[in-house]
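Data first, discussion second: the structure below is written as structure tokens.
The chains carry the letters A, B, C and D, assigned in the order they are written, with residues numbered from 1 in each.
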Amino acid sequence: MNLGAIARHRLFWPLVALVLLLVASALKSPAFLEVTVRDGHLFGGPVDILRRSSVLLLVALGMTLVIATRGIDLSVGAVMAIAGAVALSQIAASPDPGALSTVLLAMATALAVALAVGVFNGFLVAVVGIQPIVATLIFMTAGRGIAMLITGGQITTVTSAPYKTIASGYWLGLPVAALIAAFVFGVTALLTRRTALGVLIESVGINPSASRLAGVRARTIIWTVYVICAAFACIAGFIKSSDIMAADSNNAGLFIELDAILAVVIGGTSLAGGKFSLTGTLVGSLVITTLTLSITILGIPVNAVSLFKALVVIAVCLLQSPVVQHRMRSRRRRVAPVPVEVPA
Amino acid sequence: MTTSPTAIPPDQPDQPGEPDRPDARDREPVVAMTGITVTFPGVKALDGVDLRLFPGEVHALMGENGAGKSTLIKALTGVYAVDAGTIVVDGTARTFAGPAQAQAAGISTVYQEVNLCDNLSVAENVMLGHEVRRAGLVDFRGTRRAAREHLRALNLDIDPASTLSSHSLAVQQLVAICRAMVVDARVLILDEPTSSLDVDEVERLFAVVRDLRGRGVAILFVSHFLEQVYAISDRMTVLRNGTLVGEYRTADLPRVELVQKMIGRSLEVLEQLEEAPKRVAAERGVQPYVQALGLGRKGSIEPFDLDVYPGEVVGLAGLLGSGRTELARLLYGADRSDVGELRVEGQPTRLRTPRAALARRIVYSSESRKTEGIIGDLTVRENIVLGLQAERGWLRRIPQRKADEVVAQYVEQLGIRPADPDAIAGNLSGGNQQKVLLARWLATQPRLLLLDEPTRGIDVGAKAEIQRLVAELAEQGMAVVFISAELEEVLRLSHRIAVMRDRRKIGELVNGDDVTTDDVVDLIASGGQDA
Amino acid sequence: LGLAACGSSGSGDSSTDAASGGGDSGDLITVGFSQVGAESGWRAANTKSIQDTLTKDNGFDLKFSDAQQKQENQIQAIRSYIAQGVDYIAFSPVVESGWDAVLEEAKQANIPVILTDRAVDSEDTSLYKTFIGSDFVEEGKRIGEWVSDNLGTEPINVVELQGTTGSAPAIDRKQGFEDATKGNPNVKIIASQTGNFTRAEGKTVMEGFLQAYPDIDVVYAHNDDMGLGAIEAIEAAGKVPGKDIKIVSIDGVKDGMTALSEGKINYIVECNPLLGPDLADIIKTLQSGGTVEPRIVTHDDAFDQAAATAALPTRQY
Amino acid sequence: MLGTVVVLAVMLAVGGSRYENFLTGRVMANVLINNSFLVVLAVGMTFVILTGGIDLSVGAVVALSGCISAWMFTHGWSAGITIPVCVLVGTLVGLVVGVMVHVFEIQPFIATLAAMFLARGLCYLVAPESIPITDPTIVKLSQTRWGTDDGLVITPSGVIALAVVAIAFVVLHYTRFGRTVYAIGGSEQSARLMGLPVARTKVLVYVISGTCAGLGGLLFAIFSRSGYSLTGVGMELDAIAAVVIGGTLLTGGSGFVLGSVLGVAVLGLIQTIITFQGTLSSWWTKIVIGALLLVFVVLQRLLVLRRR
């Protein structure tokens, strides 16, 4: 592959941004890129990024599928809060918070609740026919209320070794959180690319009415992606609450939906639905996580954090845009963009 | 006459100096495109093509599906940028940045796929950008009045205030044509305007076109109906595979030669086309595959009875908006019936979704391939196996090998071009998209095939191919419902013809050698009293 | 509108009367309270204290609303209280400025206003009766002084976990700390980043600090939650919070106090959320025609590890 | 939009029967007064959503415009200069977004999200702390009340908001530009092939939304007499919700600006009901907002289906 072709790849600029952020961080703090072995675990900046990006990646994976069907799910943050609240309040109330069985039971309950939220969202979108952004806005607001209801508005703190493992543990020298995310990523990739689910999701996203006429169960598929999205958000909620060993209903996953959508789009999936790229989402998640981390490492002044974030995002988006991509090709040509049809 | 299938015959384009119409010689072409080349990633859609349009002339642009006709039009109107070549309008070289600029230069275009906004009213679609205004503000009453007049010119008596989406595709096509006439254009481009119109509408359109020609407008006309081309055009340019074959005066080019130039093959295909596909009499007495008993849907179609037997082709005849599409959609479960009963192989069945119909081996190929057929961003392969896949469910993916086999078979059989399973379906030419859609349904090996305008926008060769295919499938025992605006085609293929009018089935004819289009037209006109 | 209710209500120490009087709402003092939100455990405790004190049994009819951290909601709520004709309005402003207009409306309607927890910057102090709450600058100062006196005996590197950017507590606590440590050349703030007052972000930012600065001695967290997040980060990096890296913070919520008594935090300045009783007292005083100080600073303790262990069993929040 | 009206009426009836002083002129007037900035935002948002786009930057632009005006006032600029500037700040952000969306073909969601970060970032630079506004013009504007003694009043902000609605209505329905907005929402490709000025319209739509956000920022500054960098967090969602509740389709091409005004009224009423209830804890507040929203959109949806 020649250099030009690489530069034209959809993920080229996000990857460049990723590398630049890493290099800048490493220049500021030379130890940053070192990976060392300590107590049999890997330590260091890159490992840290992997561990930290797990939450965003999980949420963004679900979001990718939802977006591929032309939807959007604003309730992911609330689902994370609910997951943490249900799991931790159950663990806190149990006589033996440290027992594996307690933790598993609590997680199962939380997952059930999260799935119920997903079913609810999917029902509103696929059956009642409410526009996704509003349908999920309902749970974005109410869900956090429910989470706070469960914890009584307090931050529920627990001490439970098995639960702590989720975010802080290591297995085979790698962070458990990253392994969970990698596992879910793998499962999603298998599910969408080894079965026909992926192509059916895309077809529903590109042209819902044609898909229906082609015999695709559009409604079921749309419903399913919201459930999957809620399930992934729930797992992300476990990691987030395990990270601080507390259920912070008000703040867990606050505004993560925006980061997730950003990750999905930087990864090359269009918000208009259709073709999606899980690898792209992975790269997008890494970019955003690294961006957040580098803010601290580079010592960006507090008042300029938002500006810094905006400039990086704008730079990546501009460079990635079809127009700039065209400009950079040696052979320039103007083709009217093929707009995605939106039936009214 | 023998020419190799690949090489372009060295025809001499006629000399522009030669007088064809009395006053053409002293006129400069209003549009002259020379050496136009347009490439898409991986495809050279046009390669050094010339086109000249003269005022007061109808110029036909001919070629097979995918020959590059639409691309040439889009290159002219600035939708696509050209890689090479020049466009001269009124003696000055121009490059349009988009349709808006082309329009400003007096070039008005009706593109192949209906490109209107179906959320707006008919009046607005006709008048957008040219609304009647008073004190800077849009005067809706005046706009509607103006729109109604333009619609009348095409004999289209619809309420200008109704939303566009409430009308059938054919009406939408007429509205699109209307829109192109609103501007006082000096060049009018019509890319397959007649593909879903019936005889009357076409006549009406031609009357308008002749009138415009008389007023000195240059008209570019694309159609796969040879009769129409011969009826209206003065001159034609033939394209093949993105290259120019030549420019001819219509009068000088017999049909046989034209087809030969278009497809670069001998006369075989044309002969096939002329020859009626064999209709094998249905084995009556067998149970009908599908039986509709008083099936209907309020506001869309009155209750009707219809039997379709295996091995039988049932044609649906009727004028625009007579409810043929609605009937087919009820049989497919695309719309839910609210009265009556549907029996599949004698079993009362309720089809709530297309998927349920699919499970009973009933399939429907929609007339509007753009909104209800092709999944634009998916590949040809994915589009073709979509029906099969939907039937199998999401879990059991069709193995790559099987998919490739199926796709290869139909790409070959239907002559889908480019023959690349990984091409994005939305980028195919209109006719080829139609073939892909057909392939999708044939691949599911249905028992009942509902075809709504399957030959819309398909070139002569492919059309013959499809007709033969339908006859063949029926012979093998498939039940087919065939809808087409082209009455001859319906007559040629069907064993039985159900006649529709005003959303009602008014009668049925058993087809035979003695049945002619006039019989059908009479039946429609009489409203079924004598049926 | 509000006058009639004022005139008719009972005098002085009416709490016992009201309790026995039961449901007669004429005797109850209607108080509209607009809370900022429920953004932290501290805030939840604050809300609970107010809801538990201004009860019917104590002679109050509390109208509570949560502004979800939006000033527009709060202004809307106050306008609504005026329309409803409550006797008193109390609120914790989301932000310092921008209250003059609505407070003037309250003043015109003769409804006395009491500010809790956070101040407003109106020049016209007649717009509200009193402001009761902690002094954020003072809190920062007390932390700064403790750090300067106890840890600043040798050169130390301090990292600061700031509250939500632009919020008054974040600005004041930063200010107070800087003022107090200015004179001590040993105390050096090497980095400062916002952790949005949350545990999760506190941890995230602290992880970044630990990557970027190998030689951190002290963490100054603007609230306990961020301090608790920092503890997690420090432990994950294999260091001992409270020893290898000292932690000081503000608030004194239960989790914070527990961590303090366990030695993971070194010093906490309390920011007392239990404003309910004080608020009730002020209203009773005003109701009986008395006057109150325009600024009432709540009593805030400060705890080191020993004091925390002693205080923990009796902590209410 | 009929659905919106019906549900709104139901809400008023229920509120009136449950709470004393609910159905008073003062309360109803407050719904407009307290939400005038949201009305203006929703109007701008309606333009964008009608073309099938979305604008997430408006909340942050409100903050930016407020911060800049507060900053300018404290630095001695006069109202005559400050007021236009803070509206034009919105216009500028809208222009940047429009160019990103149209010229660079960045998806509106992302372009406006970036603009949101950018505007918010600029806020922190301009006004790290909240700045009170004491300018006499602004004070005057915020204090003026026209109307009856029983509270049925209107403020200059309310008048501005209503004027914006009226202008938007005329522009959307009676100008070529407005009709092009609808056409683009129906099908952008068709609109382009029909020779409509798609480019100009798309950019202009974001400019309008930005300008409305700038104006909204001014109204918010009048409303709160301060500039604060954290103002309007999540306000874009309120505006979007109002537009959608008002019956506009997010896919574009269908909707009315008056519907959006009703949408704002619904959100305002939900908030009013909650304060009148007065017993909801913080979490129940969130749950009730969600539940009311749910009831509302489902009812509305059912009404639409019934009419089919």
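Just so we're on the same page, contacts are C-beta pairs under 8 Å (C-beta built on N, C-alpha and C of every residue); 3 or more make two chains touch, one makes a residue touch a chain.
All of these numbers come straight from a predicted model, not from anything done at the bench.
Colleague: Across the interfaces A-D and A-B, which one involves more C-beta pairs in contact?
Modeller: More contacting C-beta pairs are found at A-D.
Colleague: Farthest from chain C by Cα centre, which chain is it? Let me know.
Modeller: Relative to chain C, the chain with the farthest C-alpha centre is B.
Colleague: For chain B versus chain C, what separation do you get between their C-alpha means, in angstrom?
Modeller: 72
Colleague: Quick one: report the Å distance separating chain A from chain D, using the average Cα coordinate of each chain.
Modeller: It comes to 29 Å between the two C-alpha centres.
Colleague: Where the CA atoms of chain A average out and where those of chain B average out, how many Å apart are those spots?
Modeller: Going by mean C-alpha positions, chain A sits 45 Å from chain B.
Colleague: Using mean CA coordinates as chain centres, what's the gap between chain A and chain C in Å?
Modeller: Result: the chain centres lie 34 Å from each other.
Colleague: Among the residues of chain A, which are close enough to touch at least two other chains?
Modeller: In chain A, 148, 153, 302-303, 305, 336, 338, 341, 343-344 touch at least two other chains.
Colleague: What positions in chain C touch 2 or more of the other chains?
Modeller: 37-38, 44, 47, 165
Colleague: Among the residues of chain D, which are close enough to touch at least two other chains?
Modeller: 123-124, 128, 185-187, 189, 192, 253-254, 281-283, 285-286
Colleague: Dump the list of chain pairs that touch, please.
Modeller: A-B, A-C, A-D, B-D, C-D
Colleague: Which of the residues in chain A end up touching chain B in this complex?
Modeller: Going by the criterion above, the answer is residues 194-197, 199-200, 202-203, 206-207, 209-217, 221, 274-275, 333-336, 338, 340-341, 343-344.
Colleague: Would you mind writing out the residues of chain B in touch with chain A in their complex?
Modeller: Those residues of chain B that touch chain A are 39-40, 74, 79-81, 83, 98, 117-119, 165, 332, 334, 353-355, 357-358, 363-364, 366, 370-378, 382, 386-387, 389-398, 426-427, 440.
Colleague: What residues of chain B sit close enough to touch chain D in their complex?
Modeller: 79, 98-100, 102-104, 109, 111, 115-120, 124, 128-129, 131, 133, 136-138, 179
Colleague: Going by the contact rule set out above, which residues of chain C touch chain A in the complex?
Modeller: 37-41, 43-45, 47-48, 162, 165, 191-194, 196, 198-201, 203-205, 207-209, 211-214, 225, 228-229, 232, 236, 238, 255
Colleague: Considering the complex alone, what residue numbers of chain D touch chain A?
Modeller: Chain D reaches chain A through residues 52, 56, 100, 103-107, 109-111, 113-118, 120-125, 128, 185-189, 192, 237, 240-241, 244-245, 249-254, 281-291, 293-294, 297-298, 301, 305.
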